[in-house]
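See structure below.
For reference, chains read A, B, C and D in written order, and residue numbers begin at 1 within each chain.
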Amino acid sequence: MACELVAIGGRMDANRWVPASSGNLSARIDRSTIGITRSGVHKGRLEPADIIAVGLDGLAVDPTAKPSAETLLHCQLYRMDPAIGAVLHGHSVEATALSLVTDAEELVLRDYEILKAFPGIGTHEVVARVPIFDNDQDIARLSMRIAPSLTPLPIGYILRGHGVYAWGPDVERCFWRLEALEFLISCECERRRML
Amino acid sequence: MACELVAIGGRMDANRWVPASSGNLSARIDRSTIGITRSGVHKGRLEPADIIAVGLDGLAVDPTAKPSAETLLHCQLYRMDPAIGAVLHGHSVEATALSLVTDAEELVLRDYEILKAFPGIGTHEVVARVPIFDNDQDIARLSMRIAPSLTPLPIGYILRGHGVYAWGPDVERCFWRLEALEFLISCECERRRML
Amino acid sequence: MACELVAIGGRMDANRWVPASSGNLSARIDRSTIGITRSGVHKGRLEPADIIAVGLDGLAVDPTAKPSAETLLHCQLYRMDPAIGAVLHGHSVEATALSLVTDAEELVLRDYEILKAFPGIGTHEVVARVPIFDNDQDIARLSMRIAPSLTPLPIGYILRGHGVYAWGPDVERCFWRLEALEFLISCECERRRML
Amino acid sequence: MACELVAIGGRMDANRWVPASSGNLSARIDRSTIGITRSGVHKGRLEPADIIAVGLDGLAVDPTAKPSAETLLHCQLYRMDPAIGAVLHGHSVEATALSLVTDAEELVLRDYEILKAFPGIGTHEVVARVPIFDNDQDIARLSMRIAPSLTPLPIGYILRGHGVYAWGPDVERCFWRLEALEFLISCECERRRML
């Protein structure tokens, strides 16, 4: 599992979604434990030892380890849905810029074939709403603000000026959903550039 | 042939034309059979076993195999022209966004040297029309809507909000045409960005 | 020399400057002969045998070989200046689109530090003029239209809707100049996007 | 240390931040000496011998070696702060174009989570000011113009029409800060493209 996250970090980096030490990646170990990236490392150059075991309460199994500052946002998702096996969070230029040029509280997506990449969507003729939350350094408070938007689970969410959260049953599928979300966000940016 | 499609999938992925499990790739096996990518796999990480033999009626030779949902659009092209040896369909941000900012039924291209990449075109002083079809989850119905535009064969076509279809005598040449089409679409986007 | 062109073709392709079989690459063999890419091959996937010996009159040493259709434009440059050791021509989206959104006959560049990449320029406080020529399938006629603009040699030139020509003392330095030219063109595009 | 700079040059090149022979890279050797890239080489294809030992007065230890023309700008930073272990300067299209479309003397950044990549910043709710200096070929004069803006040290600075300077405790961390700065500049460009 740690090796899978290391590899996905490299693919996220190749897309330029994890500049500096930004982003965080996790995968479920068992019902009550996840592995999540250490704070302050480059996610494109991870080593397996950079993946830290954390309980779903957000506390590291080894209390000397320092997991990502945003660990609670990951835990919130794993607690919501036992089918979630991985959570990926990246910082793309497009998601950051798009969320800052609007003060809308959601990104409304329709007519995109790629929406079929998400579970339960079988046609482009849907309206998918991706919530956009104002950024907050108080992660506990932020997670409470996010909670009401997670039932039912959206296709992902955006933190304004910060980046995207995606989840899926395993690391590979979660990456696919992140790709699809970033693709949709890039399309929205491109449409605005052309107006 | 399967290995060629695997390799081309990697090159399409390097261009970011196959996010998540999008896109589909096929090549002719013989007069009445093609190999086409399995549904629900990432086209940048194919294995030869992900290429499924399908008759030109769209039915898999092995009825337990699940070929791409858009198999009929591939078959339609192979039936139209026995010289077609490969069909590639990708999802680029540019083709998706450009087709959604217009309700035009074609993309009109002129003055581009790269148009010479297409058969029968020996000068930039032509007008090439790339049909844009509204997307449809009913692939049989969509193929009937496409049919009248295939005589004579255009240089490719676009499904709105979805992506590009390109074809050629073999996998490598088909990729060249896809590159040329995506290049033209990127130029059209860039021109609109600069206005 | 052939191997150098093969390698540079790969670097041009990594920049997406040679889609399909576009672009052409050459290097001087001796005072009166150059090696130039064969017509109709992908310049990102060259093999040494794809480099054809051609006299400065544009005729292939082996009359059965088919050099690039634009060979005369290369020869014109080698004849102009014996210090030219390599010529590279690529098709970028930016050069293609920028030259089509204007009917100006030159691109006027000033204030760019990168201008110092060109011989004889030691400061950003210069005005460099890159001629833009209307495209023409009659290469002999086109070369006559280009000729008056080559004394003194500009930093490169652009064919409208087609691409950039760059030259240098050897293949590596020529690539640097192509990089600098494409960088400048991308800056000009980016500035227009932001207006 | 030389090998680290060679590797970072490759990563800068992969981002297209060092076209032609642009950019320069340095790392501290000891209290009074740094290693800096030779003038006139491609920073994406460095060899260890291209790293030249230079005193903090800007003079090469080996007087026959020719260090980067901008060596004094590096030395100025190392003299300012003994904790600086590396300085990287690149030329991106975005930094070049953005600094030329404005005559502002600083880039004002706020609301970006990625600002936390810089020392002393623990929240997106700050205002970071990146000075933009008019370019000057007289590097001694330019460094005097820059000096007043370095107390306290900003998160980096931009030379107009030229590029970005970033610094950090070691080569790897310095690259992270360069990534973060370029990310921020790209976001600012993207926001302007969408307006």
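To be clear about the criterion, a contact is a pair of C-beta atoms (placed from the backbone, for glycine too) under 8 Å apart; a residue touches a chain by one contact, two chains touch by 3 or more.
Bear in mind that the values here come from a model prediction, so they are computed numbers and not experimental data.
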Same or different contact residues where chain C meets its copy chain B, judged by the half mark: different
For chain A placed onto chain B, the superposition rotation in degrees, Cα atoms, nearest 5: 90
CA centroid of chain B to CA centroid of chain C, Å: 31
Averaged-CA centre spacing for the pair chain C and chain A, given as whole angstrom: 44
In chain B, residues with contacts to at least two other chains: 193
Touch-based graph of the chains, sorted into line, ring, star, complete or other: ring
Every chain pair in contact, whichever chains are involved: A-B, A-D, B-C, C-D
Residue ranges of chain D touching chain C (in the complex, touch as defined): 16, 19-22, 42, 91, 93-94, 96-98, 100-101, 135, 137, 159-163, 189, 192-193
Interface residues, chain C side, partner chain D - complex: 15, 111-114, 117, 122-125, 172, 176-177, 179-180, 182-183, 186-187, 190-191, 193-195
